[in-house]
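Each of the next two complexes has subunit A plus one other chain: subunit B in the first, subunit C in the second.
On to the complex of A and B.
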């Protein structure tokens, strides 16, 4: 009967535990709070001044309608938004942005996961070297990198010339100024974020879980799908969110690799504001892009946190 | 899921219906032959030969780095030996990966799959063995009942205490009815009370099921209390394989004596050797040792050899006056330097020729205090000698 008694007492402990933090006197909380707030004041002021206020200003602009010449009527209306949702050009641009971002996420996930697995399994020294290799592209300006891909992807660039010399294709593939080019560029640029967040997750998995799986009779293949993969979902999710939101808002790569052929939202917004001086309409487009990103990320995260593997998020 | 179908089919070397065939291995469930393993320049296993009998609980005991975990990993298949072979139920499994060995294992860190409920953890191995749903349910509830964890099927490991987790881990290892149960320091993450409780429980379970078990621990109390036989290891070698009482009372080497239990050590010189006893001169005193009680490889002692003499604190007898000391075979005058009351006994430190000797006794004379003169003595059969 001994174990049953101890089990019961553990149950009681568990029931009592959640109450305890609430019993803590309030002044103790305040003690921690004031210096914490003081330390955070500079960054809070900075963010408020240079992020919150501009964002609110843009939001304000997006509700102002303009005449055809771009002059503001100073009339508050939803005209900008209704225009976006009734014009198929902007809707298809939004869909294109989402599509390209999803492709970039998938490409970097499939390229990144094996790298992350290799890293998680190697020694601390090797892992350091691989990390260095992975983040080293970030040291090169995105513009410079884009021109590098330019040379590779041009109709008479390295890739097309090689493929044609090998007689695999007759006419050059349209790699540059196409969706493929943008996806190549984006997934290349954001691969490090994917790899590093998956590594963090894989590295946290107790190695004896794999041993336990093996002893119970699971082949390496089965162990990957039943143990390693489910337990790395938090890393996959955060990696996907990072790459997705970065891709959604990327301007340089789509502009250089896609040009006018791939009018993703950031490119369209830039055009509206800088070239057409439609500030208010551009502001509305920005908020549509932002809302799309936030909603997609929220739905995606919630799907996993409420789904079959909710336990791995705890 | 289609791809998952090429999963392992575990080939049992026997089913419970067929008579067990031991191919020349004579009821040894596990045999390790001449295992040698090196990590870089560090020799971890230096020629290990081990036989585990059917149904016994064998403990690998030793300090950390002695090679006990390496030996277990070798049997489990997580490590390949540089040399040597492993046989399980008479089959050479040296090259067989762990997932085809059909073993059960419990780890120090519990190693329950955190994203699966208790039930799913237990059904993991059963599914791989293609056990039907209804049969799974039956086996799982039986396995949980064995460890007194019924009713917690739908909990996640996070929602269990340490002791409960280890119970589930044990039942997960047993539910697949393995050929062999491996326990890798399963109790060292638990607090003292739970450790005691689970120790008794594992012992009971092992006898109830009769599964051959190899237990790795660095805790000598655990090893002595649970095992049928104990393997004491040190520096990649086996020092002694024997029953717990034999290990404690008749250690074969100096290391075993020192590692298990407490010990007093004296340095001296052999002064005389005859058939029954060896006389040893320690300082000015002569004491006697049974001629059988020699540890180490060199058991041929002759007069003039430098030796070390070992005796356990509870084997030292302590008496207040010389008259009562006459009943002892050898006795020496000593002075009490410290008295520690331990509840059931007294731990008394005495000075014998300036050297501190620990004595553990349950008969305490109330007049004793620091500085009291006493007599200590021992029987020649309780003292062990080793050549220096």
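On to the complex of A and C.
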């Protein structure tokens, strides 16, 4: 994303530096590329052999309707796919996955935007500390973070006891093994990505725009809604896409925080593959999950890029 | 206006606490003297730490995790650094496509990647073997190493290599004495990051482990699914401690924030 700078401010910068900086004598990169290809060979072979081909392999498997993997008597058909679309169990699981992912997007957007704004307004030092604080938990295993939530969300855990002590509730809420627990776990895990996406677009806003607004007499409230918020939409959109697609495909958090009570697609797929050994059907479910994510993201992006704020995406 | 700014900071503080709190509660919970996990802990004892030593499966899982994370880091750094050098230094046609391909394992859900590799490895007799496990972990580490080393190379002055060559150094000497020291810190932080990624991984590992070969996060995961036992808290505290040490080193070398800059990261 290119920084959105007003043409006028670029002109001013030019006027302030009338002498164009001397272009550094740049040596052309070597035109030869055979050695480069040689350096790339190991990694390319590895990614092809152990990523591209396996991904295509399960796509191929998803069209086999017998559980026999590609033997002589394998039957190729769309049966796996038609079964998914005619069975309400899988469709409701898909809907549940989309719903929970949308909730976790909303929670991380509302909690993340103020953090991003605070970071954009702070000095480099404070910003560094905040970055460290929000990014470090990503480097601790998700099972450990989920265990922390387990302790907090237990029926007699900290959150329920606090709420009961404050007389907000009489009986403990069912937070664990419920949709709320999954949304908490997911939004907690992916909130840092939302913050980092928004902060990246906030940095790119020309501060003179805000000043101009203030000089022209706009209130801070108005300046936020007319300048900062619209110009940070690209960051919001990419943050939402990131949190949405990560939530759609998360397995560990729904399995630990929701268990059998929250059968989202990844949990259903895991069950099909590892417990029921329906490998071809599980492959088809995997590609349905991938396709749903990609299509939702495409629709969402298009909505914004074609909509009212299309200018900010240039 | 004051109230608006105050509200923003209040929510921001709340959000940061929200991010950190699951990790903060684990450590005090590990010192409980009760037979069930809780926060705040009941009483104080170190029994759940000494119990780790009585459970050989945890120690074994820890050794497996550390061993495979180190191997995955070494291989992904070698592949990734060579690849990044190839991309950054030479005018290869279709460069952007190659970079996109090499970082694409990040945009595929780890669950799907794990399934794909399990099915692909089964006819090859690699499923449930340490080789299969290692390959899967190298695949998930490569994108991070690629990104870090490419970032490190973006400010690289190729004139230094030319100067060394003009002064008569052979290509190997140029690489060892000029190129490597200059991209070393990027490669090391790539390696540390790869180590943590592999060490923490659950989703891909679930499809690669066997009853004989399990890793620490997998052990914690299955303990949590079967029965909640305070030993999970003490083992988790050990994991947090290891992660914090590595994060501090990573922060000193490169800055932890850089790794995630506009990234696509799959975890969980």
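Odds and ends about this structure:
One rule holds for everything that comes next: the second predicted complex is superposed on the first by the 263 of 314 C-alpha atoms of A that agree within 3 Å, B and C clash if a C-alpha of one lies under 4 Å from a C-alpha of the other, contacts with A are read in each partner's own complex, and residues count from 1 in each chain.
Methods note: a contact is a pair of C-beta atoms (placed from the backbone, for glycine too) under 8 Å apart; a residue touches a chain by one contact, two chains touch by 3 or more.
Remember, it's a predicted structure, so these values are computed and weren't measured experimentally.
Annotation for the three-chain superposition on subunit A: subunit B and subunit C fit side by side.
With both structures placed on the common chain, the touch criterion links A:289 to subunit C but leaves subunit B unconnected.
Contact with subunit C, but none with subunit B, is seen for A:200 once the two complexes are overlaid on the shared chain.
More subunit A residues lie in contact with C than with the other chain of the pair subunit B and subunit C.
Of the two partner chains placed around the shared chain by superposition, subunit B is the only one that A:209 touches, whereas subunit C remains out of contact. Of the two partner chains, subunit B is the only one touched by A:231; subunit C is not. Of the two partner chains placed around the shared chain by superposition, neither subunit B nor subunit C is touched by A:277.
Applying the stated contact rule after C-alpha superposition, one finds that A:219 touches each of subunit B and subunit C.
Superposition on the common chain places the nearest Cα atoms of subunit B and subunit C 10 Å from each other. Note: residues 219-221 of subunit A belong to the subunit B contact set and to the subunit C contact set alike, using the contact criterion stated above. Put simply, subunit C touches subunit A in their complex at residues 1, 4, 7-9, 11-12, 14-16, 18-26, 29, 37-40, 78-80, 82-83, 85-87, 89-93, 98, 101-102, 104-105, 107-113, 115-120, 122-123, 135-136, 138-139, 142, 146, 158-159, 162, 196, 199-203, 206-207, 216-217, 220-221, 224-225, 228, 232-233, 236, 239-240, 243-244, 246-247, 250-251, 255-257, 259-268. Touching subunit B in their complex are the following residues of subunit A: 2-4, 6-7, 10, 206, 208-209, 211-222, 225-227, 230-231, 309, 311-312, 314.
If you check the complex, the residues on subunit A that touch subunit C are 27, 29-33, 35-40, 42-44, 46-47, 50-55, 57-58, 61, 69, 110-112, 114-115, 117-118, 128, 130-152, 154, 156-158, 186, 188-189, 191-193, 195-197, 200, 219-221, 224, 238, 242, 245-246, 248-253, 255-256, 266, 269-270, 273-274, 279, 282-283, 286, 289-290, 293.
Residues of subunit B touching subunit A in their complex: 3-4, 6-8, 10, 76-78, 97-105, 107-109, 111-116, 124-125, 128-129, 148, 156, 158, 161, 163-164, 167, 172-173, 176, 182, 194, 197, 201.
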